[in-house]
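Here the chain labels run A, B, C, D, E and F in written order, and each chain numbers its own residues starting at 1.
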Amino acid sequence: MIFTVVVHASPCQNAAPESALRFCKALLSAGHTLHRVFFYRDGVFNGNQLISSPPDELNTMRAWQALAEEHSIDLVICIAAAIRRGVLDSTEAKRYEQNQTNLAEKFNLSGLGQLVEACILSDRVITFGGQG
Amino acid sequence: MNAPKNILLMSRRAPYGSSAARDLLDIALTCSVFEQSVALLLLDDGVLQLLTNQDPQVIQQKNLNSLQSSLSLYDIEQIYVDADALTHHGIRHSELHLPVTLLNKVEISQLIANSDVVLTV
Amino acid sequence: MTSLHTLNQAPSNASLMQSCLSSLQPDDTLLLIEDGVYWLLDTHRAKFPIALNIKALRLDAQARGLLPLVPEVDLIEMDEFVHLSVTHDKIVSWF
Amino acid sequence: MTSLHTLNQAPSNASLMQSCLSSLQPDDTLLLIEDGVYWLLDTHRAKFPIALNIKALRLDAQARGLLPLVPEVDLIEMDEFVHLSVTHDKIVSWF
Amino acid sequence: MNAPKNILLMSRRAPYGSSAARDLLDIALTCSVFEQSVALLLLDDGVLQLLTNQDPQVIQQKNLNSLQSSLSLYDIEQIYVDADALTHHGIRHSELHLPVTLLNKVEISQLIANSDVVLTV
Amino acid sequence: MIFTVVVHASPCQNAAPESALRFCKALLSAGHTLHRVFFYRDGVFNGNQLISSPPDELNTMRAWQALAEEHSIDLVICIAAAIRRGVLDSTEAKRYEQNQTNLAEKFNLSGLGQLVEACILSDRVITFGGQG
């Protein structure tokens, strides 16, 4: 089956991104297809390159990157949510006159249309969110 | 081209305390652009999103009532409200900003059952 | 010592309000802010003890369309929020 | 069409559980994840309808010290979570 | 040098679903380093932070039970628990990881009243 | 009186930072002293330089900067929370081998001791937080 996973919460303060990661790994192990992971709302912080985690803790951002590397997963960050929250690639940094960037490799900024398109093309859509 | 899906957008959150209400509307408008069949379902504190007379300029936020008014321009007419939640908050149907359909618990569970995709915000 | 209690969550968070109410002393004040202002709606307010000192931020009530629906006398401005935090010995935040 | 409902909040969020329970159809399944696993504690579980199909993620229960306190039969692994999301027609997330 | 203050750290949140429990302990240890009088008060789902047998390595998180065990090394002995919340969750005193003092609602309100500063996490 | 304001929530998804800002302005208008604003947990995102807001919405990060500029306020971001979440100044960026930074001017990274010290030195401490 074709799955899309939606993440609404930031890592660190919320368990939802880690649950989403485990779910993605489990569905890939079962032979299903992961069409896309879509990061919305505070979920966009999952793609912040500048995150560093203590050695004995999971770095969710790096775990997403490793997953994308191994399985060619499409990691899409909602561009409108990302600009409001300050998660920028070099194109957006230029547009908003910032001289630094922080979007991690393997993540891409794109519009909400990518969420709706994923709903259309996937057999199952599952959201991992938190309070707020 | 796939047949349009029935996408249900569901929210239990009050407006302004979080961005949920606005984020829900943004998804709704995008669904409409992609010509999907989209319905909104407001439960619990979510019914408070539809109160009329909102004036959030005083807290420097966008007015949701204006955004809500644009839903019909996008042919989004299926707006469902948990009737028990209205009663719980003591809000009359006439105090809502949009024409809505009130649902009881059984109808809500059927609406969810009949949707192809449910997105929570 | 007296406390000013602030509460910022909407009525579906009933357990938060319950914890807050049961921790109030007679001379304390409860100030509703952000989504907490919805507790001023009649059906919710009716459940509060009569002797409760309760206020809500006008800005937050106005933003949410509550001005026609809640008692004017309960609403305060930001400067009164500051004043309450001075006249009570400390602030306890419920969120 | 059937739904797999996931719920990830602890028992103080009673209104979330209430909304979830009242939206369940007979062939639906409720899967407790993250802090939702605390609902498996006897005092909370006793309030659920007897006919409810309920499961909880073992990893989340184990992390929180619940293994000695909750029924083994209700716990599932991640691969069963994926399986449930395939055998139901859609997933509804309560958070 | 000011006299030490009575700082009360209060939490209603379950562990692991959010970082509240860990963040609370970090503040507690820092208060102790600054030689303030610090007390912890756990209400509602917060009492679940103290359940014994936690094994969060399986979700790649730090074990709170270990952090909690270090509190006494920092002379943090005032750990108060809402007795009603334990009853609500059906948890026995013996199932908690640390020695705690159970408080009823009146005692909780007095503890808050007698504190100089209350920080919520 | 001497106040300290504590912020636990990120802007955008949560009203708490805006409430905190209004409270700070009101206490300063009333002639009180603001010893420090301490950003903890997801509150550290208030100091993300890369945030851009639509023109008709409040940019909370810029509003904090303006407040600090006008009243010389000490804006302190919890360094441990910031590193986990990826809000870095140039010193920390170097330490964690990142070649970009995103801590906004006027904000400073420092330890939780700054929160406890503020509790000791202030007459009133008020926390603005959210769910999560």
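Basically, contacts are C-beta pairs under 8 Å (C-beta built on N, C-alpha and C of every residue); 3 or more make two chains touch, one makes a residue touch a chain.
Everything numeric in this text was worked out from a predicted model, so none of it was measured.
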item: Both-way neighbours, i.e. chains that touch subunit F and touch subunit C; value: B, E
item: Target subunit E, source subunit B, minimum contact steps; value: 2
item: Far-end chain from subunit F, centres as C-alpha averages; value: D
item: Fraction-based call for subunit D against subunit C, same above half, different below; value: same
item: Distance-maximising chain from subunit C - centres being C-alpha averages; value: A
item: Geometric centre distance via CA averages, subunit F-subunit D, whole Å; value: 38
item: For subunit C paired with subunit E, centre-to-centre distance based on mean C-alpha positions, whole Å; value: 26
item: Whole-Å gap between the CA centroids of subunit A and subunit E; value: 33
item: Residues of subunit C engaged with two or more neighbouring chains; value: 8-9, 12, 15-16, 34-35, 59-60, 90-91, 93, 95
item: Shared-contact residues (touching 2 or more other chains) in subunit A; value: 8, 12-15, 22, 41, 81, 125, 127, 129-132
item: Touching two or more other chains - residues of subunit B; value: 12, 16-19, 44, 59, 61, 117, 120
item: Complete list of chain pairs which touch one another; value: A-B, A-D, A-E, A-F, B-C, B-D, B-F, C-D, C-E, C-F, D-E, E-F
item: Contact footprint of subunit A on subunit D as seen in their complex; value: 6, 8-9, 33-35, 59-60, 78-79, 81-83, 85-86, 90-91, 93, 95
item: Subunit F partner contacts - residues on subunit A that touch it in the complex; value: 9-14, 41-42, 45, 48-54, 61, 81, 83-88, 93, 96, 98, 100-102, 130-132
item: Interfacial residue positions of subunit E with respect to subunit A in the complex; value: 16-19, 59-62
item: Subunit E - residues contacting subunit F, complex; value: 2, 5, 7, 18-20, 23, 26-27, 30-31, 33-34, 36, 117, 119-121
item: Complex interface listing, subunit D residues touching subunit B; value: 1-3, 15-16, 19, 22-25, 90-95
